[in-house]
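Below are two complexes that have chain A in common, paired first with chain B and then with chain C.
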Partner chain A sequence: MAPTIRQRPSSSARTGATWRYVLDLLPAILAPFFGIAAALLIIVLILEWQGADPQVAWDYVYEGTLESAAKRADLVAFWMPLAVASFGLVLTYTAGLWNIGVEGQIMMGAIGATWAVRLFAESSSPPLGLRLGRDGILFMCFVFAALTGALWAFLAGVLKTRGGVNEIFSGVALNFIAQTFNMYLISNGGPWQPPGSRATETARFPENARLPSFEEYRRLSPTTIYITIGAFVVVALIMYVSRWGLQLRAQGKNRKSAFLLGVRTDRNTLLAMAACGSMAGLAGAFRVLAPDVTKLTATPSGGIGFLAILVVLLASMSAILTPFVSFVFAVLSKGGQRLESGFQWDHDLLLDRSLVRVLQSTIVLMVVLAFGARNRFFPPHSAQPAVDDEDVDRT
Partner chain B sequence: MRVELQHISKAFGRVRANQDISLTFEGGRIYAILGENGAGKSTLMKIMSGYQSADSGAILVNDQPATLSAPTDAIEHGIGMLYQDPLDFPPFTVLENFIAGRPGGFFPDSERARRAFLALTERFGFALDPDAYVDILTIGERQQLEIMRLLSLNVQVLVLDEPTTGISAEQKNALFSVLKSLARDDGMTIILVSHKLEDVIELCDYAFVLRRGRLVGQKAIPCPISDLVALMFGKVIERQERPLVVCGLPVLSVQDLRVISQRLTVEHLSLEVCESEVIGLAGLDGSGQAEFIRACTGLYPPENGVIRINGRDMTRASYHAFKRAGVAFLPAGRMEEGLIKGMTLTQHFALTLPSRAPWVNWMRAWRVTGERIQHFNVKGRPGSPVQTLSGGNQQRFALSLLPQKLRLLLLEHPARGLDVESANYIWEQLLARRANGTAIVFISAELDEIVAYSDGILVFFGGSVTLVEDPTEMTANRLGELIGGRL
Partner chain C sequence: MTGLESTLRGIVRAAAPIVIAGQGELLTERAGVINLSLDGTIMLSAMTAHVVARQTGSLVQAVLAAMAVGAVVALIVVFSSIALKLNQVAVGFVLTILCADLAVFLGKPHFNQPGKEMPHAPIPFLRDIPLLGPVLFDHNILIYFSLLLIVLMWFYIYRTRPGLTLRSIGEQPEAAFVRGTPVNALRYVYVVAGGALVGLAGATYSLSVKLGWKEDLSGEGWIALAIVIFGLWVPARVALGAYLIVGLRSIAIDLQDNDVIDLPSQIVNMLPWMLMIITLLVATSGALTRLDRYTPERFRPMMRRFTRAAPPRALGTTFEKH
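On to the complex of A and B.
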C-alpha cells in the first residue's frame, strides 16, 4: 500500500528515479566480482612470472578441498567454526563495533570447553556431584565455551562503554592476554599440561568428551553442523526480524542519532559483544572438541578469528551472504594448505610456500580495493534528486 | 597595505555563506565586520586569510591579484588571522610556539627568536614568560602570543575573529591599545570580526555589516548604535498575537544551575517553564545555551544546581529517564544528531514507535509512516532513505518522529537553514503542540524568531543570564543589544 503523497511525481519521472536507483546499485553488486576477477588475473600473472602453471596450482586447491567426499568433509569441518564466528561478528560489525578481540574470544571459548572437560569428564569429583554422560558433558562444554567467550567480549564492551577504550585497542590487548593465559595453562609444567609431558598441549580428552562424528568421515562432527545452523537462524532472526537488530543497524550507522532516538546504545554494545563472544566461544569449542583434535593446543583458534573478520567485511555484514563468503574463505584456506605442500614437492610448481599467503591476501586486498573504487568513482548518491526542491534556502 | 575583495562567493552545500561580497580595506585603519551568527563573517575572513578558498571572486593585495590557497600564502602576502580559538600547541612553551611556523632552517634559531620575542613584549607591555608552557596561559595571553607571532612574520593586515570573547577587561584594554597603536603608528590594517557592538564602537573606524551572506551596509564610526543594529538584523517580523499563558504547574524547573561552556562558566541559572509556555534562549553561540538545553535533557551533567521535571528531581538522570518523563530534544544538526543516514523513513518509525514486542511490526511502521509524513507534509516516500529528503523535509520529518504526547520539547535552531515558508510550517506544528500543553524551550540565532514566538526570553551573555518576562515589549533590535552585552 503506497500512502498518498501530496504531489505525486509524474510516472515518467518515477520510472527515471527507479532506473537511476538500479544504476546506483549496480556498482555495489558488481564490485566484489570485479575484485575477484582482478585478483585472479594478478594471481595468474604472479604464477606465470614465477614460472608456475596456474592450472596446476588450481588443481592443487581443488584437490585439497572439493575433489573427494573426504576432502569435502574436511572442508566442512574447517568451515563450521569459521562460519559460526562470522555470524557473531555480523552482530558487532552491524552495530559499528570493530570486534578485533574475536580471536581472543575464540581462544577463551576453547579454554572454557577444555575447562568443562576437566571438570565433568576428567575429574573424579565433578562439581555438585554431577556425573554426566557424554551428551551432558558436551553440553556443558558448549555452555562453558559460550560463557567464557561472552565474558571476554563483555570485558571489551565494558572497557568501551565505561572506560571509553576503543574496542580495537582493548581487543588487541585481550587477544594477547588470552594467548598468554592459554600458554600458561599448557606449557612449562602449567596446570593443564599432563605431568611429565613436554608438549605444549593438554592430554587428549577422554572418550566421553569427544564429539560424535560421521561414520565415513571421522573428522567431521554433525553436532557442529547443527549448532552452526542454529546460530545462523538466530543471527538471521535478529538481523531481519527483531527490533534489536534494527537498533544495532541504527547505532552502527549513527550512534549519536540512535541514542537520541531512544536506543540504549551502551546496553546494546554490551549485549552485541557478549552475543558475538558466545558464538566465538562456540567456534573455539568446535576447534578443541573436533574429533581429530580433542585437546587444547598452543593455537586453538588457528587464526580463524581474523579470517572471520575478513569474511564479515567482504559480506558487507549481511547475515545471508556470510555462509557463502565464509565457505569461499574456507576453500581458500584449506586449498592454500594443500597448495603449500604442492609448492614444496611438485617440480612444476616449486615455489616459496609463503607465496600462498601472498595469493590469499591478494584476493582480500583486491575485493576491498574494488569496494573502495566503487565508493570513490561511483559514490552512492547521497542526495538523489529529492521529490521536491522547494526547500532550498532562497535567501 | 590595501586589500580588496571583489565579488567573493562561497557556498557550503545549500548554504550560501558569502554572496557577491565586494569591499576594500585601506592601510592604517581599523575595520569591523559585523553580523549575527551565521551571517558569513568568519567565512569571508577565512577566505581572506587563505584558510578556505572562494567559489568565485578575486582578492587584490595592493592592486595585484593574489592567489591565497593556504594560510602560508596569505602570510606571505602580509595577511594574518587570529582565530577564535588560538591555534597554539599547548604542550610547548611560549617561545616554541612563537617559533612554530617561522620560515627558517631545520634547526630554529631560538636565540634570535627570543630577542625578537622580548622586543615585542616590551613594546606592547605584555607580561609573557617565553619559557612558560602554553597550557597554563589564559585565553587573553594566548592571543597576545599569537598576535606577536603574526607580527614577527611581517604581517601587514591583521584579522581578529571575536578576540574579546573569554578575556578579561584589562586584557581587552591592552589588546585594543595595541591594535590602535599598530594601525596608527605602523600603518597596519586591522580587521575586527565581531557581533559585539560595544567593542566595535570603541575600537573601529569603519564597519561593514553582513547579513545572511550578503554585504548589506557600511558605516563610518562613530554613528548611532541603533543604525548598526538595524543593519545587522534587518526587518522585524511582527509578534503574533495569541492567548497569554496561564501558568499552571511548572514542567521544567531549574535552580541555580552552573554549566561550563567552551570558555565561559554560566552560573546561577534559574528558570521555571510551565505548561504551554514557550521560552526562547538568546545569546551568541557558545554562551552556554547549548549546554543548558542539554543539561535539561540529561545529555550534559551540570556542575551544580537542581533540575526538576514535573516537580521531580532529575538533576543527574539519564537521557532515557528524561525521555520517559515526556521530555524530547531536537538538536540542530539533523543528519548528525537525530536522523540516521542510510535508513528509510519507515525504518526510523520502526525504531522509535513504542512497542513491547521483540520483533518489528513492519506493517504498522509502514502505515504510521504514511500517516505521519502526510500529516507533517513531508515530501518523500516511506521507503525513501532519509538523506534524500531536502532540508525542510528532514526537519519536518524529525518533528513527525517525536512522540505525540510530550511534556517538554527542547529544540536547537528549529528553523535554521529553512526558507520562510518552511519555517512558518515548523512553527505552526510547534504552536499546535503548545496548544496541547507542551512546554517549549528553544535556542535560536534569529532574533526575530525569538521575539515572535516566545512567551519569555532568557538572554545569555558573558556568563550570566537575564530573563525577559514580558517579550511583548521586546524588539529584535533591543534583543540584539542585549545579547551584545549592552544592558
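On to the complex of A and C.
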C-alpha cells in the first residue's frame, strides 16, 4: 500500500478539509472509548463468572476511594507518588526510552531518603556537623532520594549509550538488584534493621523526619502535593515550551534522523533518564516518608513503577493527560483493597485485589489495540506520508 | 551419585524451562518479531498447567493447555504487529503485566496447593553411563525435551529449507517476498509456535521444576529474553547462556550454606542479575570484536565465527508489500 501524498486543500476545498477533519476526529475520540468499553466488558464477564455483582463491585471501589473526605485524602496520598513517577516517565517514553527500571529507581529513592534520615536525623554526629531542623532534614531526604533515583536511571542510560545494552534489560536487572539491595539492608540482621528486630523493615523514623500532615487527614501530607505540582509544571514546560522537549520528541520518533539533524541523542538519553530517575526517586521518598509509614519496608514501591508505565502508555505520553489517567488508576488501585475485603466480609466471596490490576492492564491493552485498529481501518485523512530517512532534510 | 553429578543434574533440570522459553523466543525473533511478554506468559501458563493438572488429573491436558495459553498471547503480539502495525515492545510489555496479574488473580484459589508432578522416567541403559547418564538421562519427559529441542532447533534453522526461509524472513523479508515467500503468514506461524514453546516452559515450572503455583516465577521470563541476546540468536549458545545463569544461581545457593565465605545471601542473589548485565554488555558493546585484535592469526576465523553478534536484521520491524 503506497502512501498517497495529498494536495494541500485550496481555499475552495476548505469545507472538504473541515469535513475530513471531523471525520478524522470521530475515530480518534471513539477509539479509546471502545477500548475502555471492551476492557470493562471483560472485567464484568470475569466478575459474573466469579459470582460477583459488577454494580456491588463498583460500589465497593467508590466506597473505598471517593465516598468520604477521609477516603479521598488517602486516595490523594496514593495518587501523588504515582503521578510524580508518571511525569518522569513522560520524558523518557517521549524520547523512545523504555525505562522499565523505574521500579528500581523508586526503590533506590526510598533507600536514599532513608539514608538521609539516618545521616541527619538519627545519627548523633551528622556529616559536616550539620544539625538540621525538621525542614532541613526533609529537604535532604528529597535531595538524597532524587540523587539516588537519578543515579540508578543514569546507570541504565550509560549502559545504553556506552555499552549498547537495551534499557529494558538493564532496567529489569537493576530492578532486581535494587530490590535485593533493599532486602539486604533491612532483613536478617542487615545494617539498617534495628538490633534484635526480626521484621524486615527499619525502625520508624524519628519525629523530626516525618512529613507534616493535614490537621484532619493524618495520612496526607501537603508537601507531597506541592512537590508533585512542581514536577508537573517542570515536565509540562519541558514538553510544551522548551527546545529540549522538541528534541526528545524528534529522538523518540526517529533516533537516527534526530542525530543527523544535530540532536545530541546520547546526551539527551542520559539527561532524560536522570530526570526521570530523580522524579521516581521523589516518588520513593513520598512512599517511605508518608506520615502513616515513616520506615523503609520490604516493598517500598508497592508496584507503582509498573503502574506508572501503564499510565504513560495509556496517556500516550501526553503530559496533560497523565495526571487524570494516574488519578483513575489510583482510584482503581485503592478501590481494589476495599473490593477484596468487602466481598470477603459481606458476601463470603474470595475475590483477590489483583483483579483491579488485571483491569488496569486490560484497559491499556484494549486502548492500544483500539488505536491500532483505528489507524488500520480508519486511517486519518490528514496523515502525512511516512518520512523516510532520505527525506529528512525536507522537514 | 557424586557431588558433581548431582550438581550438574540439578542445573540441567532447573535450566530446562529457561532453555525451552529461550528457544521459543529464538524462533520468534528469528522470524523478525519480538515477543516481550515472556515473563507474564510463563507465569500464566505455569498457573494454567498446575490448575488443569489438578482439576482433570491429566498431565497431557495440562501441558497442552499451557501451550495454548502461550500461543494465544503470542498471537495477540503478532496480530497487533502485522495487522494493526503496533509497536511490538509496547504490546508485549502490556501483555507481560496483564498475564502476570491474571495469573495471580486466577491462581489465587490454587496458591500453594499440592500439585501433580511429571513422572520420573529414567532412560534404561543410557542412565548407567558414568557422569552423562545421571546428568542427561535421569529426568522426566519435559527435561528430555529441553535437551532435544536445542538439537532440533539447530537442525531446523541451519540444515533444512524451511529453516533457511525462516532466517530469510527475519533478515531480508523483502528479498524473501520477491522469491514468493508468504512473509507475514510465516511470521504468524513461527511467533505462535514460539509462544507455544514459552507456554511449555511455564508448564515445565509448575509440573516439574518448581512444583505447584507459588507466584515466585517473576524474573524467569526476563532471563530467557536476555539469554537470547546473550546467545546471539544461535540455539546452542542460547542454551549455554541458560545453563550458565542457572549454574551461577546454584553456586549462589551453595555459597549461602558455606561457613568459610560469609557473604550475605542477598548480595549473592544479585549475582545472576549482574551477570545478565555484564553478559549483555559483552555481547553488545563491541568488546568481542576488539578481542579479535588480540587473537592469533590462525584462530581468528574460528573466533569470529564464535563471537559474530548480529540480531536478525528485520527484528522488530513490520513488513509491508509495496
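The working rule: the second predicted complex is superposed on the first by the 346 of 395 C-alpha atoms of A that agree within 3 Å, B and C clash if a C-alpha of one lies under 4 Å from a C-alpha of the other, contacts with A are read in each partner's own complex, and residues count from 1 in each chain.
Everything below uses one rule, namely that a residue touches a chain if its C-beta (ideal position, glycine included) is under 8 Å from a C-beta of that chain, and two chains touch if they have at least 3 such contacts.
What you see is a predicted model; the values in this text were computed from it and never measured.
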On the A-aligned overlay, A:N254 touches which partner chain: chain B = first, chain C = second, or both, or neither? first
If we overlay the two complexes on their shared chain A, which of chain B and chain C does A:L365 touch? Say first, second, both or neither. second
Check whether A:L355 is in contact with chain B, with chain C, with both or with neither, and answer first, second, both or neither. second
One more residue to check, A:V241. First (chain B), second (chain C), both or neither? first
May I ask you to decide whether A:I100 touches chain B, chain C, both, or neither, giving the answer as first, second, both or neither? second
Using the superposition on chain A described above, determine whether A:L310 touches chain B (first), chain C (second), both, or neither. second
Please report the chain A residues shared by its interface with chain B and its interface with chain C. 1-2
Residues of chain A defined as touching chain C within the complex: 1-2, 98, 100, 159, 162-166, 168-170, 172-174, 176-177, 180-181, 183-184, 187-188, 190, 306, 309-310, 313, 350, 352, 354-355, 357-358, 360-362, 364-365, 368-369, 371-373, 375-376
So in the complex, which bits of chain B are touching chain A? 14-16, 212-213, 319-320, 323, 329, 331, 335-343, 347-348, 350-352, 355, 357-360, 366-367, 369-371, 373-374, 377, 379-382, 384, 387-393, 401, 417-419, 421-422
Touching residues on chain A, where the partner in the complex is chain B: 1-7, 241-244, 246-247, 249-250, 253-254, 256-264, 381-384, 386-395
Which residues of chain C touch chain A in the complex? 36, 80, 83-86, 89-91, 93-95, 97-98, 101-102, 104-105, 108-109, 219, 222, 225-226, 229, 264-267, 269-270, 273-274, 276-277, 280-281, 284-286, 320-322
